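To start, I am sharing the structure in question, which I have written as structure tokens.
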Amino acid sequence: MTNKFLPWLVAAALGVAATAAQADTLADVKAKGFLQCGANTGLLGFGSPDDKGEWKGFDVDFCRAIAVAIFNDPTKVKFTPLTAKERFTALQSGEVDVLVRNTTWTLSRDSQMGLIFAGVNYYDGQGFMVRKSLGISSALELSGASVCVQTGTTTELNLADYFRANGMQFNPVVFEKSDEVVQAYDAGRCDAFTTDASGLYAERLKLTNPADHMVLPEIISKEPLGPVVRQGDDKWLTIVKWTHYVMLNAEEAGVTSANVEQMKTSDNPDIKRMLGTEGTFGEPMGLTNDWGANVIAKVGNYGEVFDRNVGPETPLGISRGLNALWTKGGLQYGPPVR
Amino acid sequence: MAVQNELGTDTSSGRVSPFYDPRIRGIVFQAALVIFVVVLVYIGASNAIENLQSQNIASGFGFLGNTAGFAISQTLIPYSVTSTYGDAFVVGLLNTLLVAAIGIVLATILGFIIGIARLSSNWLVAKVATAYVEIVRNLPLLLQLLFWYFAVVKSLPSPRESYGPLAGIYLNIRGLFMPKPVFGPGSWLFDAAIVVAIVAIVVIWRWASQRQAATGQQFPTLWTSLALFFGLPLFALVVTGFPVTFEMPELKGFNFTGGMRMEPEFVALLLGLVIYTASFIAEIVRAGIQAVSHGQTEAAGALGFRRGLTLRLVVIPQAMRVIIPPLTNQYLNLTKNSSLAVAIGYPDLVSVFAGTVLNQTGQAVEVIFITMLVYLTISLLTSAFMNWFNLRMALVER
Amino acid sequence: MSVAYVRETPAEALPPPSTAVGAIGWLRANLFNGWFNTILTLVGFYLVYIIVVPFLEFAIFDAVWTGENREACIGPEVGACWPFVWAKFGQFMYGTYPDPQRWRVDLVAVMFIASMVPLAIPGVPYKRWNAIFFFAIFPVLAFILLVGGFLGLELVETARWGGLLVTIVVSYVGIVASLPLGVLLALGRRSKLPIIKTFSVVFIEFWRGVPLITVLFMSSVMLPLFLPDGVSFDKLLRALIGIALFSSAYMAEVIRGGLQAIPKGQYEAGQAVGLGYWQSMRLIILPQALKLVIPGIVNSFISLLKDTSLVLIIGIFDLLGIIQRNFTDANWATPVTSHTGYLFAGLIFWMLCFGMSRYSIFMERRLDTSRR
């Protein structure tokens, strides 16, 4: 009857990780030596493992940036693939330290789920994809259509709102995982496929004939996507928030991973503060003073990360749009480092 | 968890030290179990409450009254985007019950056919039935469902190229469309006729079986029932001058509108569940029939019964007693397996409630609790009913 | 005195009519005796024709066997796209387990087979040691090898496990963990102590009454909330706990069947020689009962193996899950990719399950002493 100890043995050795769900996430992350990041189960360009199991993408790079801020090492991060359903519980229970999984910032998520959004790293909106052969050019022509959508998302609610507001009928076909939604749409089960516009570009690559499909011009919702942390740990929130802002500021000041070393000698006080050559802005956060320089050097500024993963040169080919810097007509605005 | 007193050790002698007294041991072990369970539940519950409170997560069942805000593709009760989470729960539950009820009936029929076919004297039929059972039983149900949904449904034509075998009936990738009868005024007589027919059939069955028991005379109950069931409502329709019109499905825009329709998700789920469960029922039926002694068949033969009659009147009634208990289990399995709907997008209880509602409200504890409670209730009710039924079947023994 | 027209020797028996022997006779006796059977036979032939022929065409005759990417599998009338399976074979077996570390999985597989086969074949000696190895030592070795993180082995997170590896790990752990739990619950259910009995019945009926998918949802989204602040389990481990509890209820019912089949005399004999409850259970009852229920245990294993595919719904990539995930690889997206993937998954699952069910039947015959 030795076997009855087996589960406990496995439990003891395999996975029971002690991570303070509350008090001091930073101390915890430092103690265990790596950042545990909640990621998508697979959204091309944003967060997905490749054939070798290496995680790549826009959100993944943001996790790496946090890891660099803390450890100065982009490999000290582990990714937990989470379904839409699991993501909040995983964060609430302390299974992951931060959730960077194209999650929409809404009031109820801030107020009822014990979570708090650390900012918006991608301004998105919900769109529709249809077959070109359908011969329609506007979402307003979709009355009576079957629409494939993923469950547990704000998308599902926006979809219902949009059709109701425009007095149109529709027939939802709902799946648990985005891959299933894509498969069903590809099979012709639905006339339209709806998700965040960024997701549409990513998922289109998975279709049998991407060229046969088009994205309709209407954007029916605001989808500010951003990293999420637990409530009650403001220090941790600050680190996540400012990792994003420092990457924005770097882009604005023209600091890139290539020129960051030269920039350290720059005379511009903004750049000096950002890279830690002047003042002590890292230490009060519990980091080193050169954390900003490390993030830019090892991961890159916001624009670099964007272009590398989802930008016009990638298969996704997404233009900056709302995600351009405020100086270039977009919404990305980094508060000053001072 | 020792059960020392099971061994019937003499406890009255008084010479046993309390340590070895089975009764005391029993009490100690049980007390230990109670304490263990209470402590475990307490720790779990207090952790949960603490976690929920400290993280400001909403709790309680109040969310059931909130507006759901999402749409569902197949609803048996009126449901719209403005309905509540409670309504969504009822929609999901009814969808589960619908697919389970139809699935149980069809799986039973198919299972009996395959089970009897496996024992057929026809070599080919027996082999085909065996192959069916051995292939279907050894493949995961989820794989079969995904196959039926993603592989078979995928190959159906688009709405504009539908198969239309009969006027008003269309099959395409969006489902099976059929004309829907619409009852006009005066159709109450039709409804009444159905009720009267059912009552009459029950009365006739009782009377006929009593008469047969008393006099041995048989009455053609089956044909009479069929005639009543179809004849009376038809008569009612004729009398009221056919107040029924048919709403035909029409191709409008992208899809067919109007008429009745079966969603492909529903069809795929039903198909998968029926085919999978039937393979298990077939094995149960075969074992049940084989458990009936061969002498019974021979005796029936000696009395001049034909094969079909022997099967119906002699073998199956006796086999039923062996068949029913495992059959209950299969019915429960089918009901529980219907929860795999979540993988192919059929809006059953798990998909709508433990899926969408859980996601939208984030109240995992309450939602999972309610879902499990529903399945437990269904399975306890089914067990209770089948036990009662089993008791009745067993009493038939003379 | 012989009469010429009276035969002295019996005539040679005439051969049976050609319609009653040989192929034709067999056909008449088995396929075409009577109009009803004839119709059945024709329907049967038709069924076989419409199922088997397209299947063979798809899987073999029209299939594509070589190719580098989707281009090879595009075209009219193309059957299965086997190059897709060859290209992804490593993933289907190991998931994204790092390439240089895969020898560890292979080694575990070799140990698994090398210890299971002699255990399964009756008549091979050292069953006791073999069983101890298989159920107690092997799991520890396999755990060390697969997870790593010490003894110089690189740590491989369970998030990188996948494919057949996860399928086998989940079902093996499910069975090994549910055996002892199942024995305790089965004994508890037959106990005369009311609280223990009630507890066992409630526990068993609870897990048997709920669908596995809700158990998996529970372990993935609810369990973490019930753990004290700061303790979290690995996702795969949580699923394993759920599956172990779930299957222990079914295992308990299988073992209870075995316990009920042991004649009362055996229990009484145990008492007569002065054995205590646990002693008589351990030395007399359980060895007999467990042997009797080997077929039942194997059947539980089969259903567990099939049920493991459900973990794909909570985002763990078992064999079926990883195959499904690869359907959306743009390199291999063709109309036949998903059919091929399901066919491959079906073949593997079927071989494993069918093989085990044959073994279960074989053991049943062997153990069924009444027929000898």
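By letter and in written order, the chains are A, B and C; residue numbering begins at 1 in each of them.
Simple rule for what comes next: contacts are C-beta pairs under 8 Å (C-beta built on N, C-alpha and C of every residue); 3 or more make two chains touch, one makes a residue touch a chain.
Being a predicted model, the structure only gives us computed values, none of them experimental.
S.K.: Quick check for the class: compute each chain's Cα centroid; which one is farthest from the centroid of chain B?
M.R.: It is A.
S.K.: Decide which interface, B-C or A-B, involves more C-beta pairs in contact, and give its chain pair.
M.R.: Between the two chain pairs, B-C has more contacting C-beta pairs.
S.K.: Between chain A and chain C, what's the gap in Å when you average each chain's C-alpha atoms?
M.R.: So the centroids are 40 Å from each other.
S.K.: Measuring from the mean C-alpha position of chain A to the mean C-alpha position of chain B, what distance in angstrom results?
M.R.: Their C-alpha centroids are separated by 42 Å.
S.K.: If you average the Cα atoms of chain B and of chain C to get two centres, how far apart are those centres in Å?
M.R.: 25
S.K.: Two-or-more-chain contact residues of chain B, please, as numbers and ranges.
M.R.: 51-52, 54, 150, 154, 342-343, 358, 364
S.K.: Residues touching two or more other chains, restricted to chain C: which are they?
M.R.: 184, 217, 221-222, 225, 227, 229, 313, 324, 335, 338
S.K.: Got the chain A residues that touch at least 2 other chains?
M.R.: 21-22, 85, 89, 92-93, 176, 183
S.K.: For chain A, which residues are in contact with chain B within the complex?
M.R.: By the definition above, chain A touches chain B via 21-22, 84-85, 88-89, 92-93, 109, 111-115, 134, 143-146, 151-153, 156-157, 159-161, 163-164, 170-176, 180, 183-184, 187-189, 191, 230-232.
S.K.: In the complex, go through chain B and note every residue touching chain C.
M.R.: 1-8, 26, 29-30, 33-34, 37, 43-45, 47-48, 50-52, 54, 120-125, 128, 134-135, 137-143, 146-147, 150-151, 154, 332, 336-337, 339-340, 342-343, 350, 354, 358, 364-365, 368, 371-372, 375-376, 379-380
S.K.: Where on chain C does chain A make contact in their complex?
M.R.: Spelled out, the residues of chain C in touch with chain A are 91, 95-99, 132, 135-136, 139-140, 143, 147, 157-160, 173, 176-177, 179-181, 183-184, 217, 220-222, 224-225, 227, 229-238, 240-241, 244, 313-315, 324-325, 327-330, 333-335, 338.
S.K.: Note which residues of chain B are touching chain A in the complex, please.
M.R.: 51-52, 54-58, 69-73, 81, 150, 153-154, 158, 173-174, 252-255, 257, 264-265, 342-345, 347, 351, 355-356, 358-360, 362, 364
S.K.: Residue numbers of chain A touching chain C in their complex, please.
M.R.: Those in contact with chain C are residues 1-4, 6-7, 9-11, 13-22, 41-42, 49, 51-53, 78-83, 85-86, 89-90, 92-95, 176-177, 179, 182-183, 186, 205-208, 210.
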